[in-house]
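Just below sit the structures, each encoded as structure tokens.
Two complexes, one shared chain (chain A), two partners (chain B, chain C).
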Partner chain A sequence: MTSALDITKGINALKEQIDAPTAAFFSSCVHCGLCAEACLFYTETGDPRYTPIYKVEPLRRIWESEYTLFGKLKKILGLAKPVTDEMLAEWEPLIYDSCTLCGRCSMVCPVGNDISAMIRKVREGMVAADHAPEGLIGASTRAIKIGSPMGVRLKALKAQIGHIESDTGLTIPIDVEGADYLALLSSMEIINFPEYIESLAKIFKQADVSWTLSSEAFEATNSGIQIGCSDIARELVQRVVDGAEKLKVKYVISPECGHAYTAIRWDGPNLIGRAYSFKVVHILELLDELQQSGRLKTSGSLDKKLTFHDPCQLVRKGGVEAQPRRLLEQVASNFIEMNEHGNMNWCCGGGGGVSANERADELRIKVFNRKKTQLQEINVEVMVTACANCRLVLEEGLEENNMDIPVIGLSELISEHLVEDGEKNE
Partner chain B sequence: MELFSNANDFLLWVRGDAFNIALSIFVIGVIIRVLEIVLLGRKKEYSEPRGSEWGPGLKNIVSRSVADSGTFKRAPFVIVVGYIWHICFFIVLLLFVPHIELIHAMLGIKWPGLASQFIDASTVVAIAAMLGMLWHRLTHPVLKFLSTYEDYLVWLVTFLPLLTGYIAFHRMIAPYPLALGLHILSVELLMIVFPFTKLMHAITLFIARWYTGATMGRKGIES
Partner chain C sequence: MNKKTLFELLQQQGITRRGFLKYCTALTSLMALPPAMIPTVAKALESARRPSVIWLSFQECTGCTESLTRSHSPTVEGLIFDYISLDYHHTLQAASGAAAEHAREQAMKDNYGKYLVVVDGSIPLADPGYSTIAGISNLDMLNETVAGAAAVIAVGTCSAYGGLPHAAPNPTGAVSVSSLIKDKPVINVPGCPPIPTVITGVLAHYLTFGSIPELDELGRPKVFYGQSIHDRCYRRPFYDKGLFAETFDDEGAKKGWCLYRLGCKGPMTYNACATLKWNQQTSWPVESGHGCLGCSEPNFWDAGSFYQALSIPDGDYARAAGYAAAAGVAVGAAAGFVHQKTKSTAVAQHSEISVDDFSLNKD
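Presenting the complex of A and B:
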């Protein structure tokens, strides 16, 4: 049950979110409607309520009535539309079910509004006013209490490591103090795609990378970022920072996950209020760097016609765009781009916590139609991506549409083409 | 008319007191609005930057004027008519010789104007574009849904200077001082409404584009 206290907290949280960019964005919107055309929730449903700038109306009302002279005047005269508990309840599905924080609207807006960043801000108010979806509340609670949004414990990770070590004869280092790199994982990789861990071990062995996992900080995902609660996000980031500083590593590797990179690379230092003592790299950045410097050697390639799905958080929020393409050049002879790709790629439909929010399942499957259309235009046999969540959402969407296209992680693809020991370097 | 004994008196008032009032509201209003924005500032960034802010911010101010091809295909009307309207409007505003003379008298700067038949044609095209945009706003599901009274008010106060300018130029209302006075009055209305509405985008879009370009530039994202 929400109370009067919750709505006050919600409004205060929204007030705290207003900064100069937000004020400039709201001042500049001319209601041209182009952001709707950038949003798969609008293009695939035709519902105008899914227009991105409409979704941030609660924040706009707070900005107008609290941070503009004219708005304050309107408020005094009783002409301002207030933000109420009912309003936030009505907006909850718009903010959580029909926005993946993909950021495509922010690329398209002709006046340059970063609408997606404002939706992230509205989520802070939603959480404070107790209007976040059950699925995300559950994931955040598990993340705080157990250490993983999916409830994955160290025991489960160790079991997976045991399997990989006995199957492959590789060693997966844990808690090695003074290693250069601390690798983080997402729960989805531990449970659904342990081949990622195996790929890391194979690649790092060949490239002679000094690395480790941490038994205290192995989870990279950050439910606080998805639900929009800085307090939770801060605590989760702090665990990684503590783990990395304890092992005195030089680098932390963000895994094949979109929002984890945003969380640890860009938002993390701001959340804890200081710069890190280590650097953060995405696994694709590291693989690219290893390949450029000649430490990572591959031979042969996958000849099937394949395409790369850019995870939104990596490309539009993270700036990792050229690396996967350079890597694919080495291991895929028949790589083609989707018509809109790179920083204009379309989201899988499950980012920003949408895939963890069961209430949104039906809508998510519906808007997958955008990806389906993109794939039909180029008719590929294989999809490659670099985010475990995109991968699961893509797999589910493809299956739902009876499309027989396997989805693989890029690190895994690279590891399958490593030059074997004793094989002559090309 | 009771307020003015004749059209000349009306024109004199419009050019004098009314203009000064409108200009004051416009200038003070715009300054307040811009200060309201920039004084809010931004939180300190602790993450290690991948790129710079200033260059990409400035580049985004220019590059945001060009739509990506996918969006263009999905919404050609808004983009094409948007371009036509803005270009024609600025031609009329800045290249009509009497407008240049007014700016010269006020600010002391001048530039060559266009022959009046070009201005006349641009006015007609701008009026047609505005009617098209209004029709689009009233019929497109997203625009119809998003639009508030402000969108229509802004349309009206932008449309009136074009219409009255056209009427005055073609002497469609007599006497001429009345026609010219109505034109100037409509511009004054536009200036008064400007700081309180989305018309502010003409100024704040530079700030908005810069911030977004800078944020993305810092992260190494092509915006």
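Presenting the complex of A and C:
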């Protein structure tokens, strides 16, 4: 029998989340409001409630009343504004619908407050108080019970693999013990962009990489991170760790998915409380390494005017900024940066669980205006990115705005320009 | 007082009205007065009668008088000084002996209640015999002369704060003018010596407004002593960048870096050297490569070596800071302990959440 989630648990979870950095952040905030201008939900709506630091008000109230002298006095005197169930209900859309955890606010904060990390903490309280959005509860439930937030089962993956193998004549290895690399996939790649799997197979064949998929741990996405529940996130990370350690791989490859990378690369060891026996690399990091060492050879290039959309989790949290540009240099002759790019790139608007939360759809389409403006400034024909979720959100936003710009994954673009067997190296 | 006005006297000396107004403008800005005051200054100076000035020199080196007389003729400042009625100044006057003293007594009698007394040098209290003039002790002469004065200007650090004679162990029991004179306004114009323009500026202010300028807590006119040497120093940008000369002949010294580490007392010295400069605005100590000695500050002789850098905390400071830090750590640790407990209680009360807990999944 499970216990019900309620406000008491929510407040307890928020108390649990306060740590030294959080306390320092709240006491350092100078209320300058710079974070507002860094957030596309604010810039595209002008609604001051979307000021990032305001979104974490529940956590701030808990910090003030539980961890500061004046706050305790205010609480005793009845002057403190309490965190109530109604308050959390009011804040739920601010925390889930209007924040993609993109971290752009953390970049501009002049006192160095990591606001997006604090939003992630508030989500823990929201979950414990039963104020998570339906879409994310559904995704988390499917992830735990079925093994994938989109409900993709192993059978579906095997079917896709069968198609690719028969189309290309390539072999997609599964459960190969002792392989160097275990490749993870996001369910979006399995369902929407199977060309990613095909690209991996082609590239790894040419570069002679020993790799495998795992029938027990193929899903890279982690709904626990998005909904903001460490208990759920831990279980999902543990599945990957178990799968990787069972096959005794040296590396785990995070696919073209932003938050999956953050989950397995940064949050994972903290969640399970120990270091991995393997290393985690993002596919772009691996491709860059292969290319630098001469194992990955390409010829020709896409001559259309194109730009690269940096996935937030990849560039801001992971620092993967130079790699995609070095790779693009090889396969794109007409690459142009958006005015704000790299670690100051604007989010697609659908990360951090927002795209899985149907309630936020309207707002998400609205704030896509930021990306639309960015694209209109440079007028490109093609977009390249390295996150299946970004890709889907971008495609949807472009379609909504009648912009005919195809979006492709960088790995796919690389695989299209591989030096074919028998073709001479240039 | 002399019948002719200051302006008439200046005209006799070939100073044009234009030149005079320029001087008034410069003086007005020097005294940090609003530009609207320029006509007032000009008018006041034009119509000012020469006030009688009695200059008393006690335990001093005559450097202050030297400074004044070095205010190179024919600067307007010099002329102004010439055309006050300097009725008694035993270094400069031609008369000597009884005649000299008679001049002082006459001036006091004629201008009773209106004359200015300028004092350079400190007054010995240990034994009056350390310094006498015409057999009169410095203390007696000061009290006698100041009795009918409108105000006293203590020129130089000796008269303002005791200066060199006052330095430890102060064998003569030297004291400043302001420690003796309590019933008359005393304006301190410290410096060893003071800048000539500052001396004449104070006199001009008195002539213009008939009152003494606004003074700081050490009795100095704020217009000249309101800012520290350090704040107005042209080498300040080097200090801000942390670029210091370490010796007097290293690269830093050659490049004109900050002299702080060579003992410059600029940060604790309030004077106008950095803006007015010396010798017709030719240069000033820091510009010539030597740190400020802090000569316009009280007890500057006893403030340690001229070459010892400031702000090296002594043992007491360090200990006090240590105690304060330890107390802060203790309070912080106590608060941290309480907060740690709040958090660990919260962690202990955490019951693991599963997807089945969501009310949506219970329907």
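Observations
One rule holds in what follows: the second predicted complex is superposed on the first by the 421 of 426 C-alpha atoms of A that agree within 3 Å, B and C clash if a C-alpha of one lies under 4 Å from a C-alpha of the other, contacts with A are read in each partner's own complex, and residues count from 1 in each chain.
Keep this in mind: contacts are C-beta pairs under 8 Å (C-beta built on N, C-alpha and C of every residue); 3 or more make two chains touch, one makes a residue touch a chain.
Being a predicted model, the structure only gives us computed values, none of them experimental.
Of the two partners chain B and chain C, more chain A residues are in touch with B. With both structures placed on the common chain, the touch criterion links A:144 to chain C but leaves chain B unconnected.
In the superposed pair of complexes, A:18 makes contact with chain B and with chain C alike.
When the two structures are aligned on the shared chain, A:192 is found in touch with neither chain B nor chain C. Legend: residue contacts after superposition of the two complexes on their common chain; A:231 is shown touching chain C, with no touch to chain B.
In the superposition on chain A, A:5 makes contact with chain C only, not with chain B. Looking at the shared chain after the overlay, A:45 reaches neither chain B nor chain C. Looking at the shared chain after the overlay, A:67 reaches both chain B and chain C.
Common to the chain B and chain C interfaces on chain A are residues 18-19, 23, 67, 69. Against chain A, the residues of chain C that register as touching in their complex are 335, 339, 342-343, 345-347, 349-362. Chain B makes touch with chain A in their complex at residues 32-33, 36-48, 50-51, 60-61, 64-65, 67-68, 70-71, 74-75, 78-79, 82, 140-148, 151, 195-196, 198, 200-201, 204-205, 207-213, 215-216, 219-223.
Across the interface of their complex, chain B is touched by residues 18-25, 27-34, 36-38, 42-43, 46, 48-49, 51, 53-54, 67-70, 106-114, 117, 265-270, 272-276, 279-280, 315-319, 321, 339-340, 342-344 of chain A.
By the touch criterion given at the top, residues 2-5, 9, 12-13, 15-16, 18-19, 23, 66-67, 69, 127-128, 130, 132, 134, 137-138, 140-141, 144-145, 229, 231-232 of chain A touch chain C in their complex.
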